[in-house]
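Lettered A, B, C and D in written order, each chain numbered from 1.
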Amino acid sequence: MIGGGQGAFIGAIHRIAASLDGLYELTAGAFSSDAEKSRATGVLLGLPPDRVYASYQDLIEQEKQRPEAERVQVISIVTPNHLHFQPAKLALENGFHVILDKPMTFSLAEAKELQQIAAASGKKLCLTHTYTGYPMVKEARQLIASGALGTIRKVYVEYPQGWLSSFEEGSDNKQAAWRTDPTRSGIAGAMGDIGTHAFNLLEYVSGLQVVKLCADINVVVAGRQLDDDGAVLLKLSNGASAVLTASQIAAGEENNVRVRAYGEKGGVEWQQVDANTLQVKWLDKPTEIWRAGTGYVSSYAQHNTRTPAGHPEGYLEAFANLYRNFALTLQAELAGEPASPEALDYPSLTEGVRGMAFIENVIASGKSDKKWTDFIV
Amino acid sequence: MIGGGQGAFIGAIHRIAASLDGLYELTAGAFSSDAEKSRATGVLLGLPPDRVYASYQDLIEQEKQRPEAERVQVISIVTPNHLHFQPAKLALENGFHVILDKPMTFSLAEAKELQQIAAASGKKLCLTHTYTGYPMVKEARQLIASGALGTIRKVYVEYPQGWLSSFEEGSDNKQAAWRTDPTRSGIAGAMGDIGTHAFNLLEYVSGLQVVKLCADINVVVAGRQLDDDGAVLLKLSNGASAVLTASQIAAGEENNVRVRAYGEKGGVEWQQVDANTLQVKWLDKPTEIWRAGTGYVSSYAQHNTRTPAGHPEGYLEAFANLYRNFALTLQAELAGEPASPEALDYPSLTEGVRGMAFIENVIASGKSDKKWTDFIV
Amino acid sequence: MIGGGQGAFIGAIHRIAASLDGLYELTAGAFSSDAEKSRATGVLLGLPPDRVYASYQDLIEQEKQRPEAERVQVISIVTPNHLHFQPAKLALENGFHVILDKPMTFSLAEAKELQQIAAASGKKLCLTHTYTGYPMVKEARQLIASGALGTIRKVYVEYPQGWLSSFEEGSDNKQAAWRTDPTRSGIAGAMGDIGTHAFNLLEYVSGLQVVKLCADINVVVAGRQLDDDGAVLLKLSNGASAVLTASQIAAGEENNVRVRAYGEKGGVEWQQVDANTLQVKWLDKPTEIWRAGTGYVSSYAQHNTRTPAGHPEGYLEAFANLYRNFALTLQAELAGEPASPEALDYPSLTEGVRGMAFIENVIASGKSDKKWTDFIV
Amino acid sequence: MIGGGQGAFIGAIHRIAASLDGLYELTAGAFSSDAEKSRATGVLLGLPPDRVYASYQDLIEQEKQRPEAERVQVISIVTPNHLHFQPAKLALENGFHVILDKPMTFSLAEAKELQQIAAASGKKLCLTHTYTGYPMVKEARQLIASGALGTIRKVYVEYPQGWLSSFEEGSDNKQAAWRTDPTRSGIAGAMGDIGTHAFNLLEYVSGLQVVKLCADINVVVAGRQLDDDGAVLLKLSNGASAVLTASQIAAGEENNVRVRAYGEKGGVEWQQVDANTLQVKWLDKPTEIWRAGTGYVSSYAQHNTRTPAGHPEGYLEAFANLYRNFALTLQAELAGEPASPEALDYPSLTEGVRGMAFIENVIASGKSDKKWTDFIV
């Protein structure tokens, strides 16, 4: 693992997600750019001192020199955005598979370069867009793909949070500090942090791509350097329209990402606060409450659930699904067998490049006087 | 009553709303432009034949000639949009108060003219924007007005319906037929029918006015003449931004209008499907479930509720609140006393003119290549 | 109307319920045992002074002497429990139909006597068990009656309130005072006031009858004279078991009566807080959300709904359904035609007698050391 | 681990719960009484062959002979009920800590004996009553313990499931087979399997003990040998009353255990389907939605949550909380330090003995003609 030292939120999440199904073992880490902090985290995590490194370069170089059976196989990179590209590049080029936190890179150019590096390396990359790891999000995608709702005509996706309602970056809130800092987060704040999740959810569930957009991007809190709120009108590849909203100043909201998609015959609705449920709505018959862990859901939903219906799984399990599917894909490769379609269903380079394109397009649209702008990758 | 013959939806609603509190008695009507149909409806409603008229002109002229104590005092106009202005004008000019279904008129020009006519007549007009008649919508407005949430920064209002997902106007669906017909509905379909409700809710709850907008207006169903879907980015008078969506092709949705507004310290959320509840959210403490009929809500919510907490009131009671408040205002006038602020809180000419301005501005924006356009009244 | 003077809760509810559909006109009243108060209420309600009586005896005697076309046709009795029997008896014996608030009488003996009096009189009686007036409660009954769920095996009904958590009868709470007073309420407090509603709902929805019971009846608040809490184990006529709970000391609860019934193949759940929804659950497929106002519900649900799906109706409309169905039944009788099954579906004498039997059986069981006691009517 | 071979439900859950926080490593197992099956499971789990045993006796004896640093420290026993006592006894007597699935033993006598054995051994035991591992269940307990709700007066706990609505034990449903078999499950079916959870939740949340009970215990499905449904009236140690229901024939229900407790000033409600929420209700102010992961909840809720508010945790995390708190307690012991009160808050021997007493008392009451029977331990 690269990054994820003490005080980091997402590093701990990655470690739980990795361990949950017993498919990964944490064996080495460069947990901080501060060698001493990295060492201290290694001690806490019970790693042998010689597998705790002072830098990601050290980790990659020294692990590479270990015998193949002893070295790490997959490197998780859980650093802030500006520290995604270089470690990922180095890892791939040195023969390691990579799990990378979203958004994929600092800029679209980096993302496209990383895509090429990965292709050349023959190694695989998993991008942790958590929300598409939920079984009932997968069910929504499968139901739409099956044609049961007819052609999709409208998609709404929203991601409201309230935790940046005040000038948190002025206090010692480490999470707020880097996310609102253009030198670490990139050109976008809320649009990069949560807008990319909403965008990924929109394209994943609908099976469609954004082709045009028109954005209202706002910096609401005085003194803030990056956007903390936005709303986007979108046109999709089949001509349907969509609306995406993401806000970090919706005071009193936690993290209730929600998606709704409507076709000719019905619609689907999923929201994280009730993550094990997919509402399936019909023009002329009762709304149905589809539930994770039941026998009637698709192989994709079943594959990504560990417990019978009524035993709620949540965010950590959704995260773990990404790790698990990536591991199953790698195991299949090692075994010289094809991975199952369910295992292969994890976010990767294409999603990463499109996510970075979203960031650049949406920020540009926000500044433009033109109404509709093309979504350019 | 003018309009509201057999088969009409909203006429029956108006009659229930009027009778619910015992403050109105239906004594005369011109229920249809077809004299025979009007007569038949009058029979069904138990009216004396001499109070059932063949036309609205007849009704107004003949009622005016009755002694003051016997004539109708208030005329409800529940016809399609193209038949709002003339009867309302005639009624006001002949000394009758008017209750008018929304949107106020066929065009903004008519609305502004009606506003002047009303002012000159000294008679009052109530516009039936039902949703702002709900007690917990009033509570949301009062809470925001009190400053408890701080400055409002973001408002979302949505109005999803699915009943026009197919080409209903091709069948004998009378409701669909006139609403999708530009000669009867005006330049807007969904934006006029439900978008105006959403707009009214947005301005009423927030206490702010729309000053700019950017609209994506769609005709989704093949063959349809007017918009059946739209999304609008908005700027409000205090600089806040908002998003309004209205759709009649959200297959599987009923009529779940919803509004959320966020200030510096917290937010409110109301949706019609749970109409007796207002969610009040705070930055640093638990969300509160405020309920109609309780002792802790404002005088406005209490005034507009008939039952103790836990006895759900709904759409008809919200509608009846408009009728009741209008009656209380007229009674106060008759008594030479000031009406209470709670009674005066019903939608009227200003709301009607702004609603028509919304229709014209939003349709124009939908056709424009320009991103932001000023909201012009 | 007999009873329902100023300050009474249920009198105002009855008046709204009666007026809502325009099928009743309030023409006379004896609103209080205090002649002056009765007169004052009559003035407020706009009744002519000669139709406002000083006592129920006066009302019945004097109305009877009016010409048939001018006299009242139906008498609503909305007094406390101890004043149900005598006015109802007198009204029936003098040729008036009766609408009576629940529970039907002060004792089971009175109820059985009233049943005989009504039979002899040829007049009809409607007992206002509000909750079985809700369209989706009717839908639950119809669905079970259709056999779609298979044999019913278990029923839960609960009625939690919190408003008597303190010694309210010690303050000037008029509602609390008579409900906790054995001389006015009868032998039961909560069991009579809300337990009878729960019991009626249980038998109505399941289509089964209680045959045995075992009750835990409690007086929780110090100083109170009647029960304010209870739970009852029940055996039903088909051998199924049930649980009924009713409490007025569930602090923080409003009035959320709820019923669940399970058969071999599935179950239903209805609760007043979401009154327009019936959850229909199945062993092997998704739970369905059946909604009032839709095209797929039964004729009973449709008949008892005034608005399309998504326009919530509530407690007043449920109450009005009782009044409306009673009126339709009486109108059919007047017309010499059979009333429709939907119109005939209102609570009457049988439900009233069984409700009084519930009160006497449940209080007796609460005092008994014996576990199961037969339900004796 | 003892038990938990392929096809077992709860074994896999225990393994995930153990691994989730990185505090346990699975190093040995006797996964089945069939040596070959045990071996096969060991292979699947990647254990070295010499740590996979043919019987629990072998596991305990041979592990004991390993050097202390290499042997297992804690033995998880996840077998059916009839195979709890002997392995637990042997493990404790040989110096191993034990994690044991509920109910603790096959009979109350065994439970009391095991309690004495454990006391004598100086080793610790954790009983996996999952539901009291949820952070918001802990919050409910803490809130009641704080006195904020006043004296508790009424508790409702319900546990509805539908999965045994048919004669599942007649098919090859392994889970159904042993749970409905008196030789493996004990004298109770539903009351042992889920009734004990409900009982534990009731006593844990309220902080009170059951002192009397009156049970209606049913075998609903033809041919079944053990109860599949029941309802119990209870009296608690402070004089309050309670109702407990548990059913496995509530067709269409999943696993939605729910508890509500009411005091003089307010109440709490928690249900597993919305596990991260605690509803806190008050007599005179709005209901509050307390959420896991927030800053305002108690140290107990915070200690048992891994993610910020809005990132749902579920059943596996609740289960993992038991494992984690047990590990923290053992680590503190190893370190010679007192464990924190939050770590010590896991179910153990007292809860196990009371759970077995519940089974014996409730089944006896179900067969008794006497109404109230004392709860005897």
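Here is the rule we go by: contacts are C-beta pairs under 8 Å (C-beta built on N, C-alpha and C of every residue); 3 or more make two chains touch, one makes a residue touch a chain.
To keep track of the chains, here are their UniProt names: A, B, C, D = Gfo/Idh/MocA family oxidoreductase.
These numbers were taken from a predicted model, which means no experiment stands behind them.
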{"item": "Mutual neighbours - chains that touch chain B and chain C alike", "value": "A, D"}
{"item": "From chain B, the most remote chain by mean C-alpha position", "value": "D"}
{"item": "Chain pair with the higher count of C-beta pairs in contact (A-D, A-C)", "value": "A-D"}
{"item": "Rounded Å distance, chain A centre to chain B centre (Cα mean)", "value": "43"}
{"item": "Separation of chain A from chain C, taking each centre as the mean of its C-alpha atoms, in whole Å", "value": "55"}
{"item": "Whole-Å gap separating chain A and chain D, where each centre is the average of the chain's CA atoms", "value": "35"}
{"item": "Numbers and ranges of chain C residues touching at least 2 other chains", "value": "253, 280, 287, 291"}
{"item": "Chain A to chain C touching residues, read off their complex", "value": "280, 284-291, 294-296"}
{"item": "Complex contacts: residues of chain A adjacent to chain B", "value": "149, 153-154, 156, 158, 162, 165-166, 214, 216, 218, 220, 229, 231, 233, 241, 243, 245, 247, 249-253, 260, 262-267, 280-283, 287, 368-372"}
{"item": "Of all residues in chain A, those that touch chain D in their complex", "value": "9, 12-13, 15-16, 19-22, 26, 45-46, 161, 163, 253-256, 272-276, 291, 293, 306-317"}
